[in-house]
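Presented sequentially are two complexes of chain A, the first with chain B as partner and the second with chain C.
Entry: the complex of A and B
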């Protein structure tokens, strides 16, 4: 087990290193630079740009910039945001809470709704309701997040007028939990929908397979109740692939939060990402990449460990 | 099994309703006693650093927080003149290289410490130090700063320049006692600044809002609105929705928003002419641009009045040279080239360009065809160019539009790799545009020794009257030479709550006198 953890940790570090190198290169390949953004559209002159590039160290060669940045990262220094003029890690950190709240709730909701719908459909396999749910899930998966979000804004904010369309809290009442809750409804639903649907389909197929296996037939023959078989025995047996799927989905939550946060003006890391790309704020983008890399790699590791714990047969030795 | 059938959907519906209900109930209970209504300003831009060292206040609404938090030495007035702020008065030496400022004795930072000559010296030096990663705009010509006594500061310039007083004088002054010895490129001050402006910072919630409270004992008088909130919104539609619901009392709007905005009760639209204008800059390296007749033909072929009327909805005007009526240096009396397609045709024929097979004129086997590059973020300009393209085609000129990512646009502009480019120019604080028109410039390479001499003179002339004459001459010469295909200037449209009084248009910064705004709140 310890050897396994060590090996996976080494892989994790290597993955992160490669990821950052790629992100660093891709950012610099994109045309434009921070100088034009910092100077704004209407007072750009080459002389001003030269000064900004010099001040930010962007007039050095790319390999030199990369080496300097990686060396600083190893020393625990993640750089200074060009735009915010504060440590990049701090800028990202203050947005972390908002994203964790949104993604956490969406993850929990998608897990609860997805698995429930999956189990519900699997138990009625072949019925009209099953077909309706399955087709519905496919339709939701096929709907892009921004489109669904706009639809929900139309419904909830424009037509019904009961939910706020953007922001995280009413001005001046940021500490008011009840008021904030209303701001969560639309973005959480938008972010959760696609994952809930894919999880539902996945849970349905995993359960369908389990429900035809010998032990289920034996359990039925022995008189176990349908509820017990479905929710305890069958779901227990199908849990491993579902958990793996959910963990792998985490990466998509990060990706989805970029769209959802931008759409709903949710002040989290997703919104910061879009804004920082437009501003060419390289240090902030690198910190976000580092953070996203750690989350994805750790989630995969956690899924592995959980699978091993729940199903000892997956241990290779 | 049948027992579980209705459970799930009902459970989900119940959960959603409960969440909603709980939210509304809680917010109703908490929101029972709201504080006095603040003035809420909507913005699509979030300011990065709030420190005055980051930037010269140029763009708004993004720069509004800085205007509220930091006072500068002088006040740039709506008519382009300057008035007192931290400096009660100032003297400029005969040669124009020494400027002495006398500070208001009762000016204080928000922590109670007085604003002194040392703070001014520290601000200038910090802005010029590359290690602080600050903008040195306005201070480029400064040679040294001396604190004569706590209330008197003397700035020596390497060369006389009228830009120092307006631009350098408009930079916010930062407190030395809080910043000396710190890494200003990343200090927490950039997020929680202490200035000497009429408002002090209460809170800054990234991506959401910035809250300011008035300083009651401010040396320029207490602001009339006690609390101002700067609200960051994700897009223009949300902004309009919030304007309609009364959640915000200010928004910068576009001509296409006007039909919606004008229907909102309790909101009026303030139309402000600006110093910004657009042109098509020819690259004089191309032989066809060197012929003045071709440049005039392009101007004559364009119906610029029609473009302003239809594409800008009349919220702007045609420009004929490099200044707009919002500038104090504006000269209305320059050669104008009205829309005249027949004259355009005649000029081209005279220059030897004959109609070719596809309607595009040709000369010695070369088609009269050029590409104009435009940044893909300038939406209105792009529409204007599409209309211009059609009008030029009628005259037998083929103009191709190249939409480029801003970075690519800039690198090609720097390398001189373009036939023509179209973009915004904004001589905000001062009419000087030497960098654009001087011989050897990297913006198309226009050259005229007479203009060179005037540009140099304009920077050393001491008084406004003399400068006005110089810039009037420059504008006349540029229009005569057709140095650019000048297009149009846009007005700014500000939607403000009708009950707000004291809002006064300003070519650079609408929030310049926010401390004098008042309203029923």
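Entry: the complex of A and C
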């Protein structure tokens, strides 16, 4: 187990290293630079651009920049945001809470709804309701998040007029928890919908397979109730792949949160991403990539550990 | 397995030639051809009818400068489907190249390339796309390149798996024993065998690419207005959603219906083409003949990954997963 952890941690570090290299290459090799953005169209002159590049260290040779940059990253020095004029790590960390709140709630919701619907459909396999749910799930998966979000805004904010369409809290009443809750409804639903649908399909097929196995037949023969077999025995046996799938989905929540946060004006990392792309705020983008990489490899590791913990058969000889 | 041929071509042809397949393909072709056939001008500004609701004159209404939404939607189909198709071709070509290289060479090449694939599959591609968007001026060509380059990994993995399997197939051994060169083997025997699988991945990848284009353009980093795509039409619609909701409904519906249509084509082909491959990757396969009609959703997700045996750190995608992109 310890050897496994060590090996995985080494892989994790290697992955992050590759990621940093890729990010560096993309940001430095491409034409156009932050100087134009920093100076703006009014103050821009080629001479000033050179000066800005010199101050930022962008005029040195690429390998030199790469080495300097890697060393800085290792020392925890992730650069200063061109736009905010503050440490980029600080700018990103400030947004972390909002993103975690949104993504965490959406993750919990999609897990609860997805698995419930999947189990429900598996128990009624082949029925009209099952077909309806499955086709519904496919339709939800085929719906892009941004369109679903606009649709929910139409429904909740425009036609019903009961839910706010943007922001995180009412202005001047940031402390009011009840009021803040209403701002969460639409973004959380938008972010959760697709994952709930794919989890439902996945859980349904996992359950379907388990329900044909011998131990289920035995349990049935011994007089266990249908509900007990379904929710305890069968779901228990199918839990490992479902949870693994859910953990791996975590990475894609990051992608979803970019779109959802931008659409709903949610002040999290996703919105910061699109804003920083528009501003060419490279240090911030770098920190965000690093954060995305860490989330992804951690989620993978968590999925692996969970599988090993819950199913001893998966331990390698 | 008797219902598909060794090459896989006739089977795919039958799927794509089924009634559903004809409807879908015909619909997509029609979308691309219509802008030239209809007397509609997607760029004509009509300040008399700004944000007009759908009417006889403007079937889908007009946008904030009075341009006809139907005309823009149809022209947008060309951009979205065209970029999606080109990106798909690029992704499949790259994936085939890498997958074949890894599969034939094996050893260190295989290990390194597959680590690369794992890495690429794990990293959310939208981040990569946005990173590139921050340094490259937006437009159709960069979009095709960036979507293609960030989406070849799934194809590489499948091609590698089938190449490894083809390499050890009995007929390969037979052909080799008869003196066939490596080049002839690949050209005459392996490539035709791969064709079926490539069409299936292509379908999945096509919907992923369409969604990717729409997402990037929606975020404002793709094709720039006034040139319409389904994605940037929705970006424009977002700002007017309180006054002109019809602007949001039609483009979104277009994307969703296209993805559902492609998914249903994929459902027809996926279980038919992938069973042997799936078996090799350690998944349960559907024993049912692809022509029998099992409950629909079971083919949408394929079966769960088997739990026995050591897993690699990322489970391979279940073979019959919906022919749909991951969320974004």
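In this text, the second predicted complex is superposed on the first by the 311 of 317 C-alpha atoms of A that agree within 3 Å, B and C clash if a C-alpha of one lies under 4 Å from a C-alpha of the other, contacts with A are read in each partner's own complex, and residues count from 1 in each chain.
Note that a contact is a pair of C-beta atoms (placed from the backbone, for glycine too) under 8 Å apart; a residue touches a chain by one contact, two chains touch by 3 or more.
The model shown is predicted, which means the values in this text are computed figures rather than measured ones.
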First, second, both or neither for A:185, with chain B first and chain C second: first
Chain B versus chain C as contact partner of A:117, first or second or both or neither: first
Partner chain in contact with A:263 - chain B first, chain C second, else both or neither: both
First, second, both or neither for A:6, with chain B first and chain C second: neither
First, second, both or neither for A:81, with chain B first and chain C second: first
Chain B versus chain C as contact partner of A:49, first or second or both or neither: first
Touched partner set for A:126, first chain B, second chain C, both or neither: second
Touched partner set for A:227, first chain B, second chain C, both or neither: first
Footprint overlap on chain A, where chain B in one structure and chain C in the other make contact: 30-32, 157, 165, 262-263
Interface residues, chain A side, partner chain B - complex: 30-33, 36, 38, 40-49, 51, 54-56, 80-87, 91, 94-95, 98, 113, 116-117, 120, 123, 157, 162-163, 165-174, 176-182, 185, 226-227, 230, 262-268, 271-272, 275, 279
Contact set on chain A toward chain C in their complex: 8, 11, 15, 18-19, 22-23, 26-27, 30-32, 121, 125-126, 130-131, 134-135, 137-139, 141-147, 150-151, 153-154, 157-158, 165, 194-195, 198, 201-202, 204-206, 208-209, 238, 240-242, 244, 248-249, 251-256, 258-259, 262-263, 273-274, 276-278, 280, 282, 285, 288-289, 292-293, 296-297, 300-301, 304, 307, 311, 313-316
Chain C to chain A touching residues, read off their complex: 119, 122-128, 130-137, 207, 211, 214-215, 218-221, 234, 237-238, 241-242, 245, 248-249, 251-252, 255-256, 259-260, 263, 284, 295-298, 300-305, 307-311, 313-315, 318, 322, 324, 326-328
Of chain B, residues touching chain A in the complex: 1, 3-4, 8, 12, 16, 19-20, 22-31, 34-35, 38, 40, 46, 48-49, 51, 54-55, 58-59, 130, 133-137, 185-188, 190-191, 205-209, 211, 229, 231-235, 238, 241, 247, 276, 375, 377-378, 405-408, 410-411, 414, 423-426, 428, 435, 442
